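What follows is a pair of complexes built around chain A, which joins chain B in one and chain C in the other.
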Partner chain A sequence: MKHLILLLIAALLLAGCWNYREIDNLAIALGLAVDKGEGDSYIVTVEIINLEGAGPESEFKPTTVQAQSDTIFGAIRRLITVTGKKLYWAHAKVVIISEEIAREGILPILDFVQRDAEIRSDVWLLVSKEETAAEILASTPLVESSISQQLSQILQHHAPEPKSIPEELWNFMQKLTAPGIAPVIATVGLVEQGEEKLTRIKGVAFFRRDKMVGWLDGKESLALSYLLNESISGLIVLRYEESGLTAQITYEVVGNKTEFQPFIKDDQITMGIVTNLQVILAEVANQKVDFSQPSVRSKLESDLAEHLEELMKRTIIKLQQYNSDAVGLGSVLRRRDPEAWKLVADDWPAVFGSLQTDIRVKPVIRASALVSKPIEMRD
Partner chain B sequence: MKLSKSIEKNLEIFQQKIFHDDDVIRYRRFTLGNTQIKCGIIFIDSMIDKDYLGENVISPLTRCKSESIHLREIYPSIENIIAVESLRISKGLEQMIEGILYGDALLLIDGTDLGMILSVKGWEYRSISEPTSESVVRGSREGFTESIIINISLLRRKIQDSRLKFKMQELGRRTKTKIAICYIEDLVSPQILQEVFERINKIDIDGILESGYIEELIKDSPLSPFKTVGHTERPDILAGKILEGRVGILCDGTPFVLTVPFIFMEGFQSNEDYYRNWALASLDRMLRYVGFFITTSTPAIYLSLITYHQEMIPTPLLLSISAAREGIPFPTIFELIVLGLVFEILREGGVRLPSPIGQALSIVGAIVLGDAAVTANFVSAPMIIVIALTGISSFVIPQFLGVVILIRLAFVLFASVLGLYGFVFAVIGLFIHLMSIRSFGIPYMTELSSYKLEDVKDTVIRAPWWWMQRRPKLITKKNRPKRKRIEGK
Partner chain C sequence: MKLEVLSEQQAISLMVLFISGSAVVLSIGGQAGGDIWLAVILSGLLALPIVTVYARLHSLYPHYDAFQIIIVIFGNTFGRLICLVYTWFAFHLGALVLRNFGEFIITVGLEETPQLFPVTLFALLCLWIVKEGIEVLGRWSNFFFRFAIIIVLITTALALPELNMDHFRPFLFNGIMPVLQGTANVFAFPFAQTIVLWLAFSGFQKRSSPYRIYWLGILMGTLVILIITTLVVAIIGVEIYKHSYFPAYIAIARLNIADFVQRLEIIVAIMFIISSFVKVSTCLLATCKGVAAITNFHDYRFTVTPITLLMISTSYFLFDDIMQMLFWAQDIWPIYAFPFQVILPIIVLIGGEYRAKSLKKQ
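For the complex of A and B:
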């Protein structure tokens, strides 16, 4: 019995985290923005929750604190001298990186984010389109109580309007370390509305290794997200013209499956890309367009195919200019034709830069929402 | 001491030696009809039915004619004169004293050293009423009373089987409390029954005032806070348990009847489960298990989440808890223990008070302590929610009301030093304890730790009656089928 008790006491000491901390002694950090300081230093801006008042009447007001140091962690520790409380990172939502740092390489920053035990690997990464990343944290949150939560909310609900590709830290790291695919990070900018500055997430920054090399705008990001099979929704607005009849047509994408097939002929790799889109007609601005006619429907489908093929082509060419394989064609080749991949693997960015692609979009109009016929007006 | 043949001397013995200084003993002298034979009756005032004694004993004896009395065999001859349904002729003084003390009347006749003990008991009973400790919506409304005789009749009326046996015993050297051990002969496990008798025979105490004395004296694992002897105030519950092969111990002077063996699962059962729709009853049972979990674990989990594992709380919740805790002067553990204590004080106060004052108490508790404490920033609002939830959930399992407080406190202490790890550690400890205790040879966690379909039919769920065909396995080893259809197999 004595031995048993001793064993039990020993078991108590074996594990467990002796990190007792009262909730009110923590400064809850919600967002991190990193900018370039003088010389080699970083300016770190953190959005923390500041509590005003006490007890039932207390309110939380987000506020930002800033510190400068040669390393991220150094700067964060220095913040304690300002806040008086240890920063608590488990609830951090976003890490915003300035363009300058992104272009220099973001791994030095991500090392801390990835290494720290508190920050979760599902924190969102963003690249600021403004001059500094700190500006973003200083903008006005619209629906949430803090700007970091606002950004996280936007990223979580981006699906119906996929004009960007949200990346969480773990996903970014995976793409960074995987062969044959380059990472992207969503970009965030500010829009002015009256006196307030609001954030908008649109477009992506694409990378070669950990260095940002270029931007994609909203439409190109949409094309990229279809190519990556990231998105199965989104709106595409096109102008319809047929024998003098014009109309703005809104297609709503409800399904997407993009397939890849590499072809090799005379040592020349051609990537066949087929995007199967399922769309519904969400808005037809001119009631004279009789979409119940098969001929009109096939015209609508071919319009859409033509538009998307052109858009995807343009996107891939843009990526090719910077040798950044954000579509992951290399990883497709590696899966489909490992032998061929072995020959080009070492030199893949250059090979990707001159890769032939054959893009085909096959849209199918599934439905026209609740109406089956154009509305006929009568007197 | 022995009686003599002289009535005067005998009465003297009682009056001067045995019952001296006792003013409630009555001595009635009269002569037997027209025979001039002196008689005396000794009884205790208010323990006998005076009308009955007068009409059926004294009146016929004083009016009888001398020819019907044989002087040689005086007692047998007056047996036909006295109209009392139970009487016995006794020689032993001990027996006579005991009879008088238990509400009998002792008839002494001049010329003999024998006495006749007449059963003329007639004291005031509390009438059968609805038990307050175990109220039901549907089910029998009668509850046991303080009289063991009435209690036995209540049980007999439920089970009219000659195999239902009552073994009467007396416990307590001074109180001489009557107890009855009841069981159904062919259902009870002989080992359990033997164990019950052995333990009861070992009891040596001067007074038994309530069945709780017996419970504590025959209980397994006396140091464990978990009860291993059940008790009930309702005849239908006792009948149900006896039909499952359990042993009941009725005790005079209390409406609480003990049942053994008592296993953990019984704490989550209610007699109403068996009277209601099985699906609804099963749902209720599951609620009780959930209630048990909530009442024991919520404070510990809350404590470990907000002092160790803040990352596990959703951000908006963390922010509001954090806002609520802003400016609270005490650490969470202190807040938790003090509030928990206050709740227990309120509860304990409410139980003992008459109900009108009890209501005032709960208003004071709710408004003054709850609302004002939060407004004054002594405690945080989420803590009030946790304590309230914990308190309310504990009322779902009245059988374990006391135990859960201890478990909760242990969990909280472990969680306060080690977080969730400590909580899980304490839970494991609790399970080791529960698994190790037994009630009259039956493992406490029987049927909850079984994988057999047959055994789980009356545990977390209550299977429909047509599906429950056997009695619990370990308690009734023999004669398990509940119905005739499968009895032949």
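For the complex of A and C:
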């Protein structure tokens, strides 16, 4: 009797789940693109995958749907009237924001993304360089089966060719709330290849608070990556010239570490920046360049240092023009010299705008791949 | 009444799980900012003298449980009054933890499920174990303590690449005051809540020292809280730690080892369920023993079912929403709990010393 009652109770409890969701009643959302509509409204475009067919032959087909409303969540709910299914967000990969919205401030958008328990905080953020963000989702995925996955793959494997700085949502929010650092978001544009439009991620948009203020191109974002101590590799191509000998040299960065040291003299803050790079010679186009010679190597190193110092300087000056401390010099000051930071904290963007920097790059050529000496050609 | 006894190891496991309770998922001590680790250590140290009071009372009256001690010391009327106050405290705390559990479930997982449903199922299990007695609870804790330790170690190991120690710099940026505020907060919740354990314990096996139990319990509990808060702040930073309801959940959700080991939040949920089960059960046990002591019954078991049902409904109408719950846990609790957790135990100890001396003279 006792067992029977227990069984009955178990049957009551195990019979089902209140929040159950069947997979064929869900549309799995992969990517979200937000554009400005008329007035105060937003146009929300979502890439969803749909299960087609049944059994082993079933196939996931990506498609995009669009809705307009005054709030993001409102528009997303309105999508049900189009899809007939509730969207499931736990697999969302990317959130693309149009430039117009980025310039107005993206916190209203991020509030929903951050607040919703289903969207994971590791979605990638992107700012569209095209007219609208929706265009990006309409382009052709080349390798992956959907454009959102394609973008996510590109961002994940950006380290060998770091022309941009991928930011996940949580990282953006962290920089937004932390004192003395401004966030950046990678930018995505389209390139035409034949009849197809393909995405290309290059450069970053930099922000002041949650408002986008400007762009950095690919080279400048590389410089910013080194300043931010991102763990990246990256190629730098320079022209070598010495006593009539010219060659294109490709350096591959295999290790980077930037250290900061603030100096204060007469109430004037100077930020000392030292970037240590470990590079290997990845490609030497002219075999007459004898990199086994120490003198040649030191010339190669100083060329690289000069080039990068100039690039970093240019990048910081550009950021300073917009008072956007994307390098996080403020947070460095806060860590290293809290007392000095307290004096300038309230006015940091302006102080950053006129901050002196002293940039040194110290590259060390570690290796030259498999080749120890240039190949000598003989007839 | 037969005294139900715990072994030293069981008591310590029970204590560590009790301390981890809801503290591992709620954000505690956020006031201290980047110096939160210091606040946790300080409040752990601060808790040592308080638990010494309980241990001293145990060793003064080794054959009684806490409510009996209070009645022996203060006599029938006044002693019963203090018992009543403590019964309320344990009951209220149990309802709060139950509510934390309910909010956690409906916020992170089952948004459309009525909160009462998971809470009731959970409380029914607590009812069962409390009916079985503290020895079963002790054995249960001893068994699941290993899981808790393994969970903490695994998450620590997996979190290593995500840690950013810059969140702790600079040291004491806003001076010592915020750290002290954070200390007061962490001291009140969870460390000083161990008073409920004192109420629930009825005795230990022969040759085990109550001092060692309480001290080791507090030290290991501090260690667990320290590891978890430090990990969480190092992953998500101070600002997000302060602004989220369940920071540990957010932090562990971020772990991703090569796309292979990911979505580990469930680990936090498991840890939370294990430890808050112990916490609710202990509170329930203390309440039932309190009621039995006040009404002069020898066995508390017949009170368990009605009190559990009462606790479920209390947890339901304590707050309107999660915002109120967090406000209470962070801002009101330290003030509300101070008399229960610090002042009353000291009064009981003074009375106990005096009474023990006069008993000896006789």
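In this section, the second predicted complex is superposed on the first by the 360 of 379 C-alpha atoms of A that agree within 3 Å, B and C clash if a C-alpha of one lies under 4 Å from a C-alpha of the other, contacts with A are read in each partner's own complex, and residues count from 1 in each chain.
Here is the rule we go by: contacts are C-beta pairs under 8 Å (C-beta built on N, C-alpha and C of every residue); 3 or more make two chains touch, one makes a residue touch a chain.
Bear in mind the structure is a predicted one, so any value in this text is a computation, not a measurement.
Visitor: Based on the superposed arrangement around chain A, label chain B with chain C as either clash or fit.
Guide: Overlaying the two complexes on chain A (C-alpha atoms) leaves chain C and chain B fitting together cleanly.
Visitor: Which partner does A:Ile49 reach: the first (chain B), the second (chain C), both, or neither?
Guide: First partner only.
Visitor: A:Asn19 contacts which: chain B (first), chain C (second), both, neither?
Guide: After superposing on A, A:Asn19 lies in contact with both chain B and chain C.
Visitor: Just chain B (first), just chain C (second), both, or neither: which does A:Ser331 touch?
Guide: Touch status of A:Ser331: second partner only.
Visitor: When the two structures are overlaid on chain A, which partner does A:Ile28 contact: first (chain B), second (chain C), both, or neither?
Guide: Only chain B; A:Ile28 stays clear of chain C.
Visitor: Should A:Gly255 be classified as contacting the first partner (chain B), the second (chain C), both, or neither?
Guide: neither
Visitor: Taking C-alpha centres, what angle do chain B and chain C open up at chain A, rounded to the nearest 10 degrees?
Guide: Approximately 50 degrees at the chain A centre.
Visitor: Which chain, chain B or chain C, ends up touching more residues of chain A in the combined arrangement?
Guide: B
Visitor: Name the contact category of A:Pro160: first (chain B only), second (chain C only), both, or neither.
Guide: Neither partner.
Visitor: Just the number, please: smallest Cα separation between chain B and chain C in the overlaid arrangement, in Å.
Guide: 6
Visitor: Please identify the positions on chain A that touch both chain B and chain C, taking each partner from its own complex.
Guide: Touching chain B and chain C on chain A: residues 17, 19, 120.
Visitor: Quick one: in the complex, what on chain A touches chain B?
Guide: 11-12, 15-17, 19-24, 26, 28, 30, 49, 51, 53-56, 58-60, 88, 90-91, 93, 118, 120, 145, 149
Visitor: Report the residues of chain A in contact with chain C in the complex, numbered from low to high.
Guide: For this pair, the touching residues of chain A are 13, 17-19, 117, 120-122, 170, 173-174, 177-178, 331, 334-336, 338.
Visitor: Enumerate the contact residues on chain C facing chain A in the complex.
Guide: Spelled out, the residues of chain C in touch with chain A are 107-114, 117, 121, 166, 169-170, 173, 236-237, 239-240, 243, 250, 253-254, 256.
Visitor: Quick one: in the complex, what on chain B touches chain A?
Guide: Contact set of chain B toward chain A: 306-308, 310-311, 315, 318-319, 321-328, 331-332, 374-377, 380-381, 417-419, 421-422, 425.
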